[in-house]
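Next come two complexes, and both contain subunit A; in the first it sits with subunit B, in the second with subunit C.
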Partner chain A sequence: MVERKIGWAPQGSHTLVGGEIPRVDGQVKASGQAKYTHDMNSPGTLFAKLLTSPHAHAKVALINLEKAKGVKGVKAVLALVKVGDEIRYEGWPIIAIAAERPEYAEDGLRAVEVKFDPLPHYVDEANLKGAEAAEITDAGEPLKLTRTLGIDKTGDTDEAIQSAAHVHRGFYGVPSITHMCLEPHGSHAAWKDEDLQVALSTQNVSGTATQYALPLGVDAARVAIRCDFMGGGFGSKFAVDAWDVACARLAKVTGRPVRLMLNRSTEMQIAGNRPSAFAEVTVACDAEGHLTAWESHHWGTNGPQGSTIALGMAPYLFKPSNRTCRATGIATHCGPERDWRAPHHPQACALTQTALDDLAAKAGLDSLEFFRRNLDLTNLPHIYRPELEIAARLMDWETKWHPRGQGAGRGAVKRGVGVALHTWGGGPHQSNVTLKVHPDGTIEVLMGTQDNGTGTRTCIAQVTAETFGVPMTAVKVSIGSNQYPQAGPSGGSTTIGGVSGPVRRTAQQALWKILDLAAAKYGVDGNSLFARDGRIWSGETLICTWKQAAGLIGPMPLELRGGPVTEEEGLTSQQVGGVQMAEVAVDIDTGVVRIVKMVAVQDMGLIVNRLLARSQVSGGLIMGIAYALSEERIMDNKTGRFINANFNDYKLPRMGDIGELVVEFYEPESEYNRGVIGLGEPPVISPGAAISNAVANAIGVRVPVLPLTPKRVLDALKGANR
Partner chain B sequence: MKSFEYARPTTEAEAVAFLGAEGIQTAILAGGTDLTSLLRAELLTPARVVDLKQIPSLRTITPLDDGIQIGALCTLDELAQSPQLGHYRSLFDVIDGIRAIQVQGCGTLGGDLCHLPNCWYFRKGYGILGMEQGVSLPESGDNRYHAILGNSGPAKFVNASRFAPALIAWGAKVRIIGLGAASGAGLSNGPAVVDAEWVPLEYFYSTPQTDRQGHTILRPGQMISHVWLPESPLMSSATYEVLQMEGLDWPLAAAGVCLQLEGGLVRDARIVMGHVAPVPWLIDDAARVLIGQPLNEETAATAAAFAVAQSTPLSMNAYKVQIACTAVKRALLKAAGQLT
Partner chain C sequence: MDPDQTHRREPGLNRRDFLKGSGAAVVVSAAANAAVAQQAIPPQQGIKLFSAAPQSITLNVNGEDKQVTVEPRVLLIDALRNDLNLTSCKDVCDRSSCGACTVLIDGKPVYSCTRFAIEVVGQKIVTAESLHSQVATDEIINTFCKHDGMQCGFCTPGFVMAVRGFCNQNPGATQAACKQGLGGNVCRCGAYDGVLKAAYETAQRQP
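Showing the complex of A and B:
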């Protein structure tokens, strides 16, 4: 008797799900056959380039396109602003030109006559007082740059601080960073009569047609969006942007396909960033190291909108009963924010858990012990507790931890360890699927979802093949088009649950229909049948091959549709916990920090693909090492410009900067049985705090602001010695 | 990138003719690792690009009686693989520090010596001095990577050459060819066919006082054809660069040193700092304090302190003083085989 129940098989009994399966599209990607938006080059394609604002704040005073229109090879010139418009950050798109060749488009841009009347700007995101004092106008009216985002009070913070055994006050900060997708934003647009076909580098294949339809005045039903492969989004590619619409317009007026991809500096200036957050923190605990109070005021910028991370994010994870939090947003002439992998969490984690670590040092406690004692103030103590034990073993914490700055170092190089914890939702988004079983036994899955590069295509094939007991080669996965059933955008770690849930359920339902046909044909009880290894079995008895069973459906494919899953179905769940530990080596004569080792222990419910999951966590650690040690948007106060908006000066880690990465999954039966939960965001949250804590442990002082550059490390050491 | 005329000479004489044509702004293509960025950013808009890669004489490494002569177009890989250069350890330290195999494979010695500043204001189009309406942006803006020495004039950038500190410490000379170079400085293995002169590398760099001046003494139509290093069998050498990143990155500060030790005492020393001033910074005082002393942690630290004693950091780069000091100390210890 095989129970027919929507769900996953018991832990350990899957053959493909949970395995280490390489990407099905790995070869086409590695060999360059995979076509990214950046590669789209259909016959007759014109190349579009943008002229962008060199000013952070200015009024457009003059636009003259006549000369540009006459430049050799230029096919269309489009102004994206008009005289009198106000520019609110560097990189603001001004003119788009489509030409026969990229260099002709550049010639055209050079012939454009644009004049700006520069206006006073403000870009100093860390400087709250400066923002309050700045005299800035917007649309001619005085503009107050700062605004309160509210105050959040629980308990009696003042009293708790006064009666605490240990109190720590500190300043912490996390500046803005950009997404650094290897493939910049952009599209390739082609019209066929009234139909628009767009190849768009997007995390939102099913949701972007309307965003074209409205500004272009066409029917959304006539807009086809395609994204087979993409070179990273990280939260910055949900929307159709002004430059994408411009690309479609250029295609319309020229009657030719047009491709417009942002160049690297424009990509960094305007296509999204992670908001900054700086905080004054007071935190207190009792004599045993139990947290009793948290008080903070954080501020930062997300661009012209004037916000920072949400008020409720502070304190992160650890919620003592007495807390008072205040947040202030600063409007700046910096590019606007977009979701960045685990929006708000990495900043909040860094601000909170570095302050807690400083308090632990003040209380004379081992950081790990301090976090352990306060786990009951978190959302998932039953997950963090065992994870901390695993991480401590993998890091050999007990041997490596030492009181701050008292490690046995060799010469100028000091070693230290640090720990941090994080949580994330990761529940499924709303996705639909069409599944077809063909009479020859091959299976097709169609979903309007997309593969950000993380392996969505592979996981869909895996779940399908697992369910039917066939090899993955028997499954064709069609995704990356809004012509397929609507699926949710890929963000917030929602995709793996969002796709694997409906696919599993629909595949099970299709399988059962075929098993019933086989039962009738071979005269056995349908409820005794199951599919494995390309065959249909009743207990130990082979009934028929999968192909024979599939043939019973007749000449037409069996087609089923499936809708979004709910948590009650048991296929998916949400809310995971993870812990990370970092070991660093700091050269106190040069301030250079090297990662020795990172340990990540992560819960994610049921693991669909262990290899891809490990890649996700490793990627999170590497992005985390980047923003912890080197990555930073540097705004020049003088010119208002993003002064390091290029790969040369915007420092990203290379292989040698990464150290040893140890990834361990926490997947006991209790967590496995929750079903699939997303993993994209969680591993990128803790590195900032863990690495900063490790550096403090190594050198004996806190380097308060990320990234921990030689300048900041040496400045902190100097301040401590003063 | 603006269209340009492309010239590919096969001899030095042809190169000089292409470079010296009157009224034409030219740029030299050596390895191209930086030129392509400069062209794309339109920081350089030459009417003609002269590609030197097909000139055999510029790619030779020739041992001489009094030293060794290296063609300016030798790539870093070619230098690294040259057995004749084995004694000049400080050059290998530089190549190791560059780390990116693409730059090691394409980048050339001459290209490095002539590398334009990485100052982000220059690279954003504010000219070599980074001026906007008469105001020095590096002085009043973000100068975390700028000069801590030689910065009292309008130039605040740091010289970008990775090899210059090591080569100047060795007493290297460069052969300049082209319009206006004194005639007669032929190569050892052939007659002079072009105007050429040998110049000590320490006099090759200059600190511009206006936006129209360059960062070297090269005039339009001139180029470096060769580098000469003296035969100095008793000297040991090292370069120490402080790099934030393990990948391709620019040093925060560097030092190239040459040391002659005799009976455990320093008989001769040359110390040159890089990435601290608009020119490579030769520090005779610091070297002098070492003469007659043993080379150890203490004396190296004293010399290093001397090396940075005259620093005049800008608003955001005081931290570089300690980094430069550390670079000098470690370069000395490394040259003496004492860096653990």
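Showing the complex of A and C:
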């Protein structure tokens, strides 16, 4: 008997799921034959470019497009604002021009005459006092820039701090960063009578058509969205933006397809960023190092909306019984935030776990031992405990850790190690699937989902091929179109669970129908049959080939629809824990921090593809190294401008900057049996805290604000922040 | 990749010469035609003058001669992407610092945004598209797939060409040399680990 139950096979018995399988679209990606939105060149395509505001806060005083309209090659000029409109951040789209060639569009932009009346602005995200004192108007009315996001009190924090054995007070900060998707935001739009066909660089293929309907007056049913390949989103590409609507308008007025992709500086200014968070923290523990109290006030900006990371994010992961938290949002004339990989978690993790590490130093405890002693204050101690042991072994923590600043470094170069912990949900989103088994045995899977780089196609193909016992080449996966069954947006680590769950269930149901046909044909008990290696078996007895079995469905394909999974089905779950450790080498003469080694131990339930999962984790480590060491949006208070909004001055790590990366999956049977859980967000959360803690361990002082640039390191060594 | 201008092969021109030449031609062509411009300005040694008007040129790309008509200001990246629909070279940074538009020119890796299209006439240009077809796939492509040297894949063709060029020039390179030699390309997803493994393996295979 083979039990017919929706679910995964026991650990160790899959042939494809859990394997190190190269991605099915790897060859077309690596050879550049994969067509991204950025690459759409359908015949007659016009190139569109934007003129944007150089001011952070201004009123539009004059627009004259006549000269631009006469420029050679320019086909359409569109004003996106009116005289009198208020501009609230640099990069605000003003004019869009479509032309025969990108060079002509540039010529057109240079011929546009626009004047602004500048207004006072505020962009100093770290300066709460300055924000409170700033005299800013909005729409002619005085605007208070700061607003409280609330106070959260549990227990008696004051009493707990007074009676504590060790108390630490500190200031910490994480400035804003951008998403820096290598494929900028944008679209290619073409009209066919009343139908709008859009190639959109989006994480939300199924949910974007309706966003065109209202601004364009087109029926959502007539909007076709495609996104076969997407060059990075990280949470910033869920919406149809004003410039995408402008692109469709330009296509309408010219009667030609139009492509409009943001240029790099505009991409960085307006297409999303991660909110900043700065905090004054007081934290206390008893003589054994058990955390007893946390008090914090954090503030920061997410742009004009005037918010920062959520009040409930502090303290991160470790929740002592006495805590008082306050948060203040600052409205600034900076570009608006968008979800950034693991929204709010990396900032909260950095603010919290650096403060805890400082308290551990004050208590004279090994950081690892301190975190270990307080695991009962976290959500998943049973996961963190074994993960910490694995990480410590891989890092050789016991040998490498030393009391702060007392390592046996050579000359000016000091080494240190640090640790941090994180959690994330990663439950499945709501996705539907159509699965067709053709009479020749090939299988088609259609889903209106997308691939952010995770390997969505590959995972769907693996799960399908595994279920039918056929090679992955027998499976055709079609994604990236809203003409396919509706699937959830790819954000929050929801995709791999969200697609593999419905695909597994629907494939199992289709297989059982075919096994019943085979049972009837060959006179065996259907419940004894299973599919493996392209054959149908009853125990050790070969019944028929998969092709013969599939042929029994008749001339038409067998087509099944499947809906979203529920947690009760056991295919997916949520809430994972991860642990990371960093080893750094810091030159105390120059302030340069180098990553020697990073260790990541990560739980993700059942692993679908080890090769791709490894890429997700090492990618998270590298993005973490970026915001920990070099990446930062720098706003100029005087001009209100984002002065490093370019690839040269906004520093990302290169291949030589990442050190040795060790990725270890935590997948005991207990975690495997939970089913698939998403992995995109978790590994990017801990690096800031782990690296900052390693630097403090190396040099003996805390560098309080990320990224740990040479200047900040040298300032900390000089005692500038004491 | 090759910042040292002296390594450039003829026929080429340096950017300063080009700007002098094109600027002069543009100024004069407002009143006269390009031929007059050539006469109106006394020829200086080593300086080439170009009309601002579109001109028909032949680019040798992936082993084939291709005709395009472009203004002298059109960059190689734009001619490849917009005129020849070879979109493997990606336009990412707008300022020659990310490597996503890397192609091979006479075997060397070059950012295609640092050359004008008219500048590379007579040179052999190779783009990533040439490394994979229905009939044949270059080993480097499969090596990138094997080590998953990609996530979203947008920087990947540029990296593939950078690795190809680097390994051509540095057979047997060490891991440390690979890291240093491939510092001209940026990946945001963080695929460096897989790219490094692919680069190292390719370098060891290189005769």
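Observations, loosely collected:
One rule holds for everything that comes next: the second predicted complex is superposed on the first by the 719 of 722 C-alpha atoms of A that agree within 3 Å, B and C clash if a C-alpha of one lies under 4 Å from a C-alpha of the other, contacts with A are read in each partner's own complex, and residues count from 1 in each chain.
Just so it is clear, a residue touches a chain if its C-beta (ideal position, glycine included) is under 8 Å from a C-beta of that chain, and two chains touch if they have at least 3 such contacts.
Quick caveat: nothing in here was measured; it's all calculated off a predicted structure.
The larger set of touched subunit A residues comes from C, when the choice is between subunit B and subunit C.
By the touch criterion defined above, A:Asp589 reaches subunit B but does not reach subunit C. Touch criterion met: A:Leu714 reaches subunit B, while subunit C stays clear of it. Once chain A of one complex is fitted onto chain A of the other, the partner contacts of A:Gly411 are limited to subunit B, with no touch recorded for subunit C.
Applying the stated contact rule after C-alpha superposition, one finds that A:Asn648 touches each of subunit B and subunit C. When the two structures are aligned on the shared chain, A:Asp636 is found in touch with subunit B, with no touch to subunit C. When the two structures are aligned on the shared chain, A:Gln27 is found in touch with subunit C, with no touch to subunit B.
Contacts of A:Val253 after superposition on the shared chain: neither subunit B nor subunit C is touched.
In the superposition on chain A, A:Glu103 contacts both subunit B and subunit C. In the superposition on chain A, subunit A positions 103, 646, 648, 652-656 are in contact with subunit B in one complex as well as with subunit C in the other. Within the complex formed with subunit A, the subunit B residues making contact are 1-3, 37, 99, 118, 120-121, 123-124, 132, 135, 137, 140-142, 144, 242-249, 252, 316-317, 319, 322-323, 326, 340.
Interface of subunit A with subunit B (complex): residues 103, 106-107, 110, 410-412, 589-592, 594, 630, 634, 636-639, 641, 643-644, 646, 648-649, 651-657, 709-711, 714-715, 718. By the touch rule above, subunit C contacts subunit A in their complex via residues 71, 73-74, 78, 81-82, 85-95, 97-98, 100, 127-129, 131-132, 137, 140-142, 144-146, 148-157, 160, 178-180, 182-196.
Against subunit C, the residues of subunit A that register as touching in their complex are 22-23, 25-36, 38-39, 41, 47, 101-103, 180-184, 229-232, 234, 261, 263-265, 452-454, 611-612, 614-616, 618-623, 646-648, 652-656, 658, 661.
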